[in-house]
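Note that the chains are named A, B and C in the order they appear, and that numbering of residues resets to 1 at the start of each chain.
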Amino acid sequence: MERSSFATRSVQFAFLALVAGAWFLATETGSISALFLPRPLSVYAALERLVQTASFWSAVLVTLTTIAKAFAIAIIAGILVGYAVTRSKLATQVIEPVIAGLFTVPITLFFPMFILFFGIGTGSKVAYGATYAFFPIALNTIAAFSNMEQRYLSAARSMGASSFDTFRHVLLPGALPVLITGMRIGFFICFASVLGGETISSVAGIGRNIAHSAELMESARMYAWICFVILTSVTLNLMVYSFENHIRSR
Amino acid sequence: MSDLAAPMKTSAPLSGVLAKALLSPFWLRVALLAVVLALLEFYGRVYADPAFMSPPSLIVKAFFTKIAPQEKILEALWFCVAQISAAYALSVVFGVLIGLAIGATAFSRTAFLPIILLLFAIPQVALLPLVILLFGLGPAAKIAFGFSHGVFPIIMNVVAGMRDVKELHLRAARSMGASRMETIRHIILPHAVPSLFTGLRLGMTMTLLGVILAELYVSTGGIGYYTRVFAESYDPAPLFALTGCLAIIAVTFNELVRIAQNHLTPGKRRSPTLKIPVKE
Amino acid sequence: MSDTAISIRNITQRYGAADESSAVLALDDVSLDIKKGEFLCLLGPSGCGKSTLLNIVGGLFKPTSGTCLVNGRPVDGEPHPDKVAFVFQESTLFPWYTIIENFRIALKFQGIAQAEWDDRAMRALKAVGMASFAGHYPEQLSVGMRQRVNMARGICVETDILLMDEPFAALDEQTRMVLGEDLSQLLAATGKTIVFVTHSLAEAVFLSDRIVVMSARPGRIKTIINVNEPHPRSPDFMLEPRFSELRNECYALLRDEIRAAMAAQRDPQPQNAGA
């Protein structure tokens, strides 16, 4: 990305100020119903009230546990399947396009089946999130291990490396950046799909609370939840971004 | 090793050619699909609880007995297709226009691309109840949600395609006396075409996701209503059949974009293979 | 009019401000006259500023100081496509256009009337023996064929001056030599002025009337070597003892420069053992 100057930063701040200003003006002048867009201050007040309730933290805990379980399953399954596929060139040629093709179809289509198989509780969300995150992780694992340049492997073999040595010192370090990319993409897809699953059909969690406040027409509370999710995801993005830079720069 | 057999290839008998064709990745993929279907059929008929699982043959049968004769369901499916088309058309028009505007100069790119990336990083599904509240239960909300998913990958790939134009190509054009407009028209835009198509394909995947999320969330009408009815009645065959219809719709849309890409990319240049919606 | 095609006067090119420690002096007070119909090679170690000089002559870069005259008119950081054509590496053929479209676009950019496009393009393609590939995309041709076409694209605009920036760098030695022969024939047939940047010694000796040997950074003209051999040149020229002598002379001149350039990229050597 190019270096940003003072002028480009100003444009970005102006954009944010414009959005905030438009929100403030539209609600203060009453040109939009508070049902659709509550005043910024009442959203802030709702958020403040929300974080003091025990139900807020239990909802957050439910969602976080669901994401953690789904992501763990996706990593294990994705890397195992991905690595196994790359052991054979033919298997890579046959299976990689199948996984890539399935990934262009929204897995969300099959969400009702997850509910059917795993019930309306957190189990269906774990399975749904894990399935969604499986694809980018498996695809990146395949890409990471199958794109390894043959000359590195030949070089290692000519130096007398055992197959474990080759894996440990050539294959794995070479694949790691792409593996990490897969896990990052998988994580954010997992995050969004668990949230989506909770929103569409569930009994607990953050997504359920957003949908529930919408059903009750409690706009301020709904906006408070949405703000919480956006802040969390922006923070997570920044954290993961700097973590990845840290790993790469080593 | 197979390398040793390589010199034989030229004089391989017909059966060898046939065996080679059957062992091609395509036919192996077909075989894999057949095996999976057969296993599902066997499992569904012998072991599975019929309240949860249905063998593929019964799903196909359910399509003809419980989906195809019901005009309301067919109408809901057609609605779904129309919404996807509308949302995608909006995504393409606005995605390309906004992308061109942002990609036109280095300044607009450095100023606005971070804003686009920030917006793209928001898990939009958190806004789904809000979108329904704003746009109602009808098609407007579904089109809006599909559009808001589809537009970002298109913008980002148009900008990336224009940014990655080769310095040497620009210099060559300048040495030939090309004006700024001619450079954009004949160098920068054609260069961005493969990346544009990457964006169009990702945009399609995301539009499908947006529309289907909204369809499933609204369970009082449309596809969402029928999936809920079928799921709650513990009659999985029509549910699977309905899902299958949606999957076929999704695959068809994806294929249409892919065919367009293959026909409309000048110079038969391949775009970076579409695999993962990589965020920058 | 004089018989000078290009006149380079005291050109200095600096990257970064003069007072910055990171400032790089790419060209230091370079002056050179290039005669009409001459084939001149700029030869030097990588980073000696030979490409920069060519880009300044072509009007693609503006020098920090100094002037460059083409046919007596100053070039001021603006390309003159009617007088000067550039040939870069083969990868500057636009991959989204077919070969013939690549020619048309070059002629369009140059402001030639549309009626002449195909005529000129086919003439240039025939000159390099590539007319039957007009409808192909660059990707469908081999690298050597692409460079042939790329050269023809530089020819079709029919300028008096051709600037070539390491055009054969991506090619193998054999293809280079064959294309070099073609170029020599072209020069003899058309009387164009050609300025050619290369780091290949054999290529420089085989093609040039004069070889300008440049020093490592900052780029200065070290020596000018005359090659007295009429164009078109045949491959037999390479077998003559004179060819090897000239080649060795160039190598001897460059060797020190290359060592100097490489020394700047190595571990610091202890200057004095006692310290």
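FYI, a contact is a pair of C-beta atoms (placed from the backbone, for glycine too) under 8 Å apart; a residue touches a chain by one contact, two chains touch by 3 or more.
Here the structure is a predicted model, which is why all the values come from computation and not from measurement.
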Can you tell me, using the touch rule above, whether these chains form a line, ring, star, complete graph or other shape? line
Per-chain C-alpha mean nearest global C-alpha mean belongs to chain B
Distance from chain C to chain B - Cα centre to Cα centre, in angstrom: 48
Computed distance of Cα centres, chain C from chain A, in Å: 52
Chain A and chain B have mean C-alpha positions lying a whole-number Å distance apart equal to 19
Which positions in chain C are in touch with at least two other chains? none
Spell out the residues on chain B that touch chain A in their complex, using ranges where they run on. 23, 25, 28-29, 32, 52, 106-107, 109-115, 118, 121-130, 132-134, 201, 204-205, 208-209, 212-213, 216-217, 219, 227-228, 230-231, 236, 239-240, 243, 246-247, 250-251, 254, 274-280
Contact set on chain B toward chain C in their complex: 166, 168-169, 171-178, 182, 186-187, 190-191, 193, 266-269
Sites on chain A touched by chain B in the complex: 1-5, 7-8, 11-12, 15, 35-36, 90, 93-95, 97-98, 100, 103-106, 108-113, 115-117, 136, 139-140, 143, 181-182, 185, 188, 191-193, 195-196, 199-201, 206-207, 210-211, 213-215, 217, 219, 222-223, 225-226, 229-230, 233-234, 237
Complex contacts: residues of chain C adjacent to chain B: 55, 58-60, 79, 81-82, 84-86, 88-89, 91-92, 94-98, 105-106, 108-111, 137-139, 157
